[in-house]
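Presented below are the structures under discussion, each in the form of structure tokens.
Look for chain A in each of the two complexes below; its partner is chain B in the first and chain C in the second.
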Partner chain A sequence: MKRLKKYWPFMRASIMQMFIYRGTIWLWLIVDVFQFAMMVFLWKAVYQNNDVINGFAFTEMLLYYLLTNLFFVFSDVEAIYAVAEEIREGRISLYLTKPISYRLRLYFELLGRSLGILILLIPVVFLTGFTLFLIFDIVWIVTLEQILIAVLYVPLVFTLVFSFSFLFGTFSIYTTNVFGISIFASVFIRAVSGQLIPLAFYPDSLLSVLNLLPFRFVSYPPLVLLGKVATADAWIGLATLAAWVLLFVGGTALWFRASLKKMVVFGG
Partner chain B sequence: MEIIKVDHVTKNFTIYEKEPGLKGVFKSFLKAKKIIKTAVDDVSFSVSQGEIIGYIGPNGAGKSTTVKMLTGILTPSSGTITVDGLIPYQKRAQNAKKIGVVFGQRTQLWWDLPLRETFTVLKEIYQIPTAEFDERLAYFDALFGLSEFIKQPVRQLSLGQRMKADIVASLLHNPKLLFLDEPTIGLDVLAKESIRRTIKEINQKYQTTVILTTHDLADIEELCDRILLIDKGKIIYDGNVDLIRERYGSKKLVSFTLRSEEDAKKVDIDSFRTQDPDLQITLEGNQAHLVFNKQHLAIKDVIYHVLNQADVLDIDIADDQLENIIKAIYRHGLS
Partner chain C sequence: MRFFKIYGLFFRQYLKGLMEYRVDFLIGMFAFLMSQGAGLLFLYLIFQSVPTLSGFAVEEILLMYGVGLIPKGIDHLFFDNIWLLPRTIIQGQMDRYLLRPISPLYVFLIERFQPDAFGELVLGTILTSVSISRLALNVGFFQVLVLLGIILVGVFVFTSLKLLTASTSFWLKNSYPLMQITYNISDFTKYPLSIFPKAIRFLMTAVIPFALVSYYPALFLLGRLPFWQMFGALVLVTSLFSFLGYLMWNRGLKHYESTGS
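What follows is the complex of A and B.
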């Protein structure tokens, strides 16, 4: 823990940075609410002729989208862009001349960013949720155990997505421009984790492939809170995810260390 | 005591050559031509604790690559480097505790946050005790007047203030070794002077070893006793600044201040051109500046010649500027 203490200021500075440009924040919050309102209309249209689709009732779908939106801040970790930019601009040199791990520093910086967004998003999600509960008369029963599991998933999901994104970011040591790879990585995570639509909507053949990957756990927190994953399965999932995270963290560390030897630092 | 030892170090980079034009782009896309570029070629030198070394050379000579290997960012293709007993590219983080780095063209400061925040982050990174941190900030405040801008976001600082802040950021943990890459680039005379004075003071007070890469040779003249001259990846000179001037500075500069502009126009030195074809004269109002090779022409002959031609009020004699000497070495090599 003491070893990690020196990375906290990066997290703190990152949170502070989130609150500097007020105009951007307001605009971003307005867009978020607007996007949510659009989704409500979309799902309302989809559910016109059905009460339940793939096990999700209309109100559950709204809750799923609301919760996914909240948890999304921890799986929207675009380390790939940060790494690629720092390598391309040569700013990586500045971090490599400090007695810190480049990877951990970025981890805490991006964690700070996610926490900053969460602080901004919580009031919006609460207000939107409150409005939805009033309008659609939603009944939602959730247990303390479910909340505990969902919370425990968060750091693991964040670390998994960070490592995956960092892994792809490291490619920029070899290719310089990772724009194509970045888009692929972001879309891939969103698609295979159920952030766009619940995985239950996918065909069985695709689902059996996705079940072999750890990314399905990204959408577990909202699913657990909605009771769509049994708590026993959720605990097993948590352990499985932890194993995957260890594998990813180790793999990323080795890959980055080996890649650094090949690095060409641009400019000055 | 030796703090840096560089032993037969070579660094090769693989680059892919792109052919020109649309056709070339497609061709390179399918099969890019691989080229091995040697940025640093069999370089050896050592540096003692407390020295201020000027590491100079034209763009692309291999200066930054050497510095990046010394700081542990890059790994040499062959040869070995030790910095205070450590191999920097193997023990990067440990090495980083002992060094401070300033890249003049980049900032390590947090762009959007008040300057003070960057210093706080560095305090944690280097685990500087609070009393020591406060003492050092007070010391730099006295040197640079930090308190005037420490609460401002970095993006609002002037270039001079930013550079001063960057230097403070690299010295907060009192490193044994300081790498300065173009620390005075783009600064005004006062800011340059203040930075040079600080580097000198730090070096004297803490015996901090300084490796300075710069294109501003006034930095070298004011700060360094020794220079390492690198060109095309090879060290072509390693030694005293005065010695290079003595050995390679064969030019003499003589400036005459004359009574009037008409007098200046009377100065005719064409008769000397057979002895020194590189002889140059520049007229500036009532002044005439002559540059000639002292090995080809005797200074007394030149002065006597001009005294006979015009009404001379004052004479100023100087050795060639280091800048001209280095320029000549870049062009023609050491001969």
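What follows is the complex of A and C.
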């Protein structure tokens, strides 16, 4: 714990940084709300002749997307941009000479970023949710245990996606098209995690492949809160995810050490 | 004539760059192909559970999707530089374009050629031709000609809206969110317009008129909308927006005050 303490200022600083840009962030969030509204109409058309599709009722589907939007702040691939930029601009060499871990510093910076956005996002999600409850007469029962599990998933999901994005960020040693890489990575995560559409919609053949990957756990918090995953399974999932995270963290550590040898920074 | 010659010169330089970064080109193309692929996957999965969406079969929706994707791709290919306008203005780099003995807009537009767009173009073409053949639509010489016309005019729907929203950054500095919200709406025009309430239908027909390049052309090809109604609206609205975009750009240039460094 004491070792981690020196990284807190980085986290605090980036939380505060998000507040500097709160106007812009809120503008983005309004964009999201608008897109969410379009989504509601789309699903309404899908549910025109069905009450339940793949285990989801219409209102459950809306809640699923609302919660997915909320938890999405922890599965953003922002690390790609951060790593790539520091490599391309050569700033990475400044960090490497300091007595702090490059990856941990970045981890806490991005965690702070996510927390900052979360704070700004909560009122928006709350208002959107409130409106949905009023319009569609939604009844939603959630237990304390479900909330606890969902919260416990968050740091693991964040670490998983962070490691994954960090790995992709180091690809900028080999290519300059960082925008392309980040689109690739974020579309991939969206599709295999259930952010695009609940994984229950996938055919069995595809699901059996996705079950081999850890990314399905990214959508577990909303699924648990909606009661779509039994709490017993969620606890097992949590342990499985923890093992995956260890693997990912170890893997990126090794990969990063190898990439550092390939990296060339001009000047200083 | 002079414009074409200059474009040729720029393009040759650009190709040299492309040859140097071949992997970048492949990554970009693949990324945009995949990003559209995710949209297709979504549609596919939904149609596993329902036979029709607002009365449209999956092939009919793919037709809307495909037709709209082609002008979007062409705009992305040639006029991608507009996305960089806010940054150019904030950094005071607009001075460069103003000093040249040719239209600043022209120089600004041709500065970037974006081959990532081939992903969208390829997919759009495949979707359009496959859905036309699977629907066994009666597509003759006239329809092909109209389709080419839609694509040609449709490019300017995207370009003019981008120019219009980007040019606000001459005053607002950062007009990214505005550009993004406009552009994101084009993602929703791959669904039939009829699923949306009246206000949004109006919005996507006349205010952010992406439906003019996807939904209505598809209705025309399906034989549910007369040619003149579809094409007339497209030309009318596009001319209006091109005029507004150009006006906004010109006004903005007059207002531009550089950064003083």
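The working rule: the second predicted complex is superposed on the first by the 254 of 268 C-alpha atoms of A that agree within 3 Å, B and C clash if a C-alpha of one lies under 4 Å from a C-alpha of the other, contacts with A are read in each partner's own complex, and residues count from 1 in each chain.
One rule holds in what follows: contacts are C-beta pairs under 8 Å (C-beta built on N, C-alpha and C of every residue); 3 or more make two chains touch, one makes a residue touch a chain.
These figures come from a predicted structure and were not determined experimentally.
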Partner chain in contact with A:143 - chain B first, chain C second, else both or neither: neither
Of chain C and chain B, partner touching more chain A residues: C
Contacts of A:208 with chain B and chain C, given as first, second, both or neither: neither
Which of chain B and chain C A:240 touches, first, second, both or neither: neither
Chain A to chain B touching residues, read off their complex: 5-6, 8-10, 13, 16-17, 20, 90-94, 96-101, 260-261, 263-265, 267-268
Chain C-facing residues of chain A, complex: 24, 27-28, 30-31, 34-35, 38, 41-42, 44-46, 48-50, 53-54, 174-177, 179-181, 183-184, 187-188, 190-191, 196-197, 201-203
Residues of chain C touching chain A in the complex: 21, 23-25, 27-28, 30-32, 34-35, 37-38, 41-42, 45-46, 48-50, 53-54, 116, 174, 177, 180-181, 184-185, 188, 191-192, 195-197, 200
For the chain B and chain A complex, residues of the former touching the latter: 13, 15, 64, 68, 71-75, 89, 92-94, 96-97, 99, 101, 103-106, 108, 110, 112-113, 117, 120-121, 124-127, 153, 179, 181-182
